[in-house]
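Notes for the one structure printed next.
Each chain gets a letter, A, B, C and D, in the order it is written, and its residues are counted from 1.
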Amino acid sequence: MLQIALLGCGRIGQLHAATIAAHPGCALAAVHDVHAPAAEALAQRHGARAVASAEAILASQDIDAVLIATATETHADFIERAVAAGKPALCEKPIDLSLARVRECAARIAGSPVPVQIGFNRRFDAGHRAARDAVRAGEIGTLHQVIVTSRDPAMPPRAYYEAAGGLLRDMTIHDFDLARFMLGAEPVEVFAMAGGLIDPGLMAEIGDHDSAMILLRTEDGTQCHINNSRTAVYGYDQRVEALGTGGMVVSGNRTPHEMRRYGAQGVETAPPYLFFFTERYGAAFTAQLASFVQAVEAGRPPEVGFEDGHRALALAEAAYLSLKERRMVHVSEVA
Amino acid sequence: MLQIALLGCGRIGQLHAATIAAHPGCALAAVHDVHAPAAEALAQRHGARAVASAEAILASQDIDAVLIATATETHADFIERAVAAGKPALCEKPIDLSLARVRECAARIAGSPVPVQIGFNRRFDAGHRAARDAVRAGEIGTLHQVIVTSRDPAMPPRAYYEAAGGLLRDMTIHDFDLARFMLGAEPVEVFAMAGGLIDPGLMAEIGDHDSAMILLRTEDGTQCHINNSRTAVYGYDQRVEALGTGGMVVSGNRTPHEMRRYGAQGVETAPPYLFFFTERYGAAFTAQLASFVQAVEAGRPPEVGFEDGHRALALAEAAYLSLKERRMVHVSEVA
Amino acid sequence: MLQIALLGCGRIGQLHAATIAAHPGCALAAVHDVHAPAAEALAQRHGARAVASAEAILASQDIDAVLIATATETHADFIERAVAAGKPALCEKPIDLSLARVRECAARIAGSPVPVQIGFNRRFDAGHRAARDAVRAGEIGTLHQVIVTSRDPAMPPRAYYEAAGGLLRDMTIHDFDLARFMLGAEPVEVFAMAGGLIDPGLMAEIGDHDSAMILLRTEDGTQCHINNSRTAVYGYDQRVEALGTGGMVVSGNRTPHEMRRYGAQGVETAPPYLFFFTERYGAAFTAQLASFVQAVEAGRPPEVGFEDGHRALALAEAAYLSLKERRMVHVSEVA
Amino acid sequence: MLQIALLGCGRIGQLHAATIAAHPGCALAAVHDVHAPAAEALAQRHGARAVASAEAILASQDIDAVLIATATETHADFIERAVAAGKPALCEKPIDLSLARVRECAARIAGSPVPVQIGFNRRFDAGHRAARDAVRAGEIGTLHQVIVTSRDPAMPPRAYYEAAGGLLRDMTIHDFDLARFMLGAEPVEVFAMAGGLIDPGLMAEIGDHDSAMILLRTEDGTQCHINNSRTAVYGYDQRVEALGTGGMVVSGNRTPHEMRRYGAQGVETAPPYLFFFTERYGAAFTAQLASFVQAVEAGRPPEVGFEDGHRALALAEAAYLSLKERRMVHVSEVA
């Protein structure tokens, strides 16, 4: 029974706490947050202990692994400290908003056998994974095109936007990872188009985007398109499509249940898609944790490693350079 | 080029006229109606000649075949006259509302090589036919259950109801035939339940029904359910489902186009199903005609023969006896 | 935190144990089984205590409620004892295979305020419930027809069959309850047709059925059809359809994920439906338990009461009489 | 009854001939082809007259309009001659492969009231049109993103490829037009990525592409993505998706019928999509012709005019410049 300590008790930390607590193969041993009452409340809810100091957690003999769900700017630091302390870590994405910092972190943990998994939970969605598996198994022949549609249900608050590091590093980074997961090869070229279509005023003011379309290409020419929007009133829209010489697979959206309406105005109407990531990817969070626990217990590298976090961020950086220079950018230009 | 004469220029006759005129393998040579202006208008529309006497049509050397779309009570008579005149006939269902009259007609045309096809157009619907073909090809193993859903979009006018001969002889007769088509074996037992749910007052007054559920069973035990309603505000609902040991096939409804809506109230909303039989079974009428033309030209029996019309009516009679006596009825009791 | 004791540690008991253990509002305090090792193993898995005597459980001060998942023939007895002991009970269906015994039990617990809930879990399926709610809310106008499709994925072993009490009491009883749930009115007439189509030899030998079609009618004429099969190779098939004057709602089947395949042989292919009730109705079992816990804690009658168990069995009895006499049976004939 | 002459009796000409012949509001009066036997065969099939000289057709008093389905390089010339002769023209796309020639043609016909319609038949697909209408009607609020998926079922022969003028001018030009139709505003920026993924050898040899992904942006920032492939083994893949602040509409693919298969390997399997444009857009060709006939008879400009053909080609030119320079191109750079 793997004893896991949670660092960070905010929204996503609470989701991870519940996932850990419900998982039969591990236990939520301890929780920590810079804001002590948050840790205490979460500890109480799950029968864990609240620990005031992260250092104490990393030094604790009865903690087997850590889940890092703190503020983004502390991720790299905690990864380094966890590796130094010999604690396997499952860290929320992104590793850092700065590619230089990610590289520094990579250099510092290089050679260590301590597993570090990055929280690209979508890879564990049953539909996306079945699509990836079908592609790898050759079901659609040679892969030619991948299309990732990724739209949040509603605009986050301004405070979130200001801290998130930009649409492409915060939101699209999941899609860059999903594209890599589907492609099975590294995208080497990136072109990006982005704008403020939903809230042009706010986007102009904070220099960010709420809508984007991106093209990627791998060394062997496989093509990929990603589209993003911060608003989709019909529910969280998360689709992946892969076209090959032998067919196509599509991983689509899930409705909360299978009741359909038929009336004079329209037929086959389903309820809106699952609202957001806690609903849509709840099972994926569980599967991600299970994969982490298995990797730690089996002493093998995690399914989604540090380098995956690195490469997704490099794609985001290349996309920002493309946005600026309005041209195709080779990933080597930023890497 | 088969020269076809149309007897009867009412609503269904006009549909047949257009179908014949558009078919490359036959021509609408002549039309006849007891109401001469109807025949003249239709003749003019399609460049055919209006003929005042049905007898003249049956005696005409340049008419190769007739399509009988007259009032129901004249069907059997026209079949007999067409056969006597050596004119292949495609006759609208039902042959007659009286099983005795149908048997008399059968006796009179017995032994004649002149082809008589009954207008069970649904057998020619591409989806229903693909389902039947899959069943016959063994794709679902041994057939165990068939479910036929058949609902009109809206109540017909009272005048139609009064002339139609009762729900089970007018509407369900198509479903009895479709059940036979799918089952590939004769139903021998019938149980029926029917009522006036949509317009209880009118149904009570005229002694008819607007909603029904029926069970059938073949000699070898295969089970079949039919449900009928005279109202379905979401469009003409025409489905066939077949369950076997190896799987299931379902022939469903068609939307006028493939546009789907996604909004805050629901997703995947299709436009209402094709409104009624002219829309849904338009292509089936064409395929039915093509089959008739081919059979006539090849000198082989039609795909849907007089006996099919007879047996569907026998099932309706058995269903009426079941309704009356509230028990399972063996078809031999009415046949 | 409601302390629940589980009586019966077989397959369904183990499912309930896991459901109770995972539910935040209650705890699995104790488990009992006539086969002590089964209880001990289950107790250990969930950190509960194994209790050798059911009497001890019913007498225990720290047990708030019981979940009865023992052999069918003990259900009524345990209900009576739980009520006598003042312990709210959630009892698996059926109450008993004998309608007389159910009535005796009803008489014995009559007037007691102790809540007894019968385990008709399908009422708690999100899709079925949404369909029922839509009907009650008037979304489809006046209800006219209900169609329940209920097919198990594969034949149970002979031993199960021999103990189950007959297809209509064991399997269809769920559908009788679901029909009542959807209809919102009592079916008063029943007609049944059943046979041994999947394994005719075994069915003939043990006098049971593996395939059935049933018709029901309420006092006001609303029509209902149920079809059952013990085999559906494409997965557990659980559908409910309701037609009204204003439209239709359909609660359909769920696939394990939303990946679809498109190839030269066919398109839009989904993976087979969730295999059986543990997969399809897992969430419904959880919702059923939550409803029981809430009812107990709020001191209000359970959503699905003893009388619901009684009436579903009465419909099964009426159906058996109909099978025997091949006629429509009024429920009052058996009640 | 509009008397139409067809210029060009190749594959697409034959399709137009059949469409004209079947349309009740017009007649196929004459046909012409540089290869006289082709014209004669087609004339005979439809009861039209074959005319050896195009000039004779344009001079003929009893010809009301022409449909130009000749080789691409003659389109502009025939448009000019038809306009000079006062014959309304429906001309297959593209107007010409050279943007300069298109501009020259535009200058020559400028100011003439003779209607010229360009054959962008997809605008007349019922699903695409319903999607466009929903967008225009404000059903999805403010439009933000459009995604056009357009994939042919199978690679054309080499000879076709060599004459077609390049993927973006031959195939994507339809999608550029469809994008403009959906966007309701001019795309002003274009980025293109294309390659030879299906037949890399042939593509390298003839300097063409078989797979492409393109991004477009309008002046107000609305984003659009087009993806193309010359192969889709599951059938002609023609989809349009539009996302707005208030929802989404999607126009999808059509199956030949509505039969679905359910088996142990998968469920809800539909037959492959309609094979190619004659099947999928057959009704659209008919609607396109009807629109042309109505415009001519009403004396109003056609729904899809010369300028639409011009602008679609300008987008193709901009896309080729983008391909070459690997950067976003403003349409004004080529226009």
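As a working rule, contacts are C-beta pairs under 8 Å (C-beta built on N, C-alpha and C of every residue); 3 or more make two chains touch, one makes a residue touch a chain.
Every value quoted in this text rests on a predicted model; they were computed, and no experiment measured them.
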Chain pair showing more contacts of the two, C-D and A-C: A-C
Longest centre-to-centre distance from chain A, chain (CA-based): B
Centroid spacing, where centroids are CA-atom means, of chain A and chain C in whole angstrom: 40
Centre-of-Cα separation between chain D and chain C, whole angstrom: 57
Where chain A touches two or more other chains at once, by residue number: 233-234, 246-248, 253, 261-264, 271
Complex contacts: residues of chain D adjacent to chain C: 233-235, 253, 255, 261-273
Chain A - residues contacting chain D, complex: 142, 144-145, 147, 149, 151, 189, 191, 193, 195-198, 200, 211-213, 215, 217, 221-225, 227, 229, 231-234, 237, 243, 245-248, 325-328
Touch list for chain D against partner chain B, complex: 22, 125-128, 130-131, 134, 139-140, 246-254, 256-264, 271
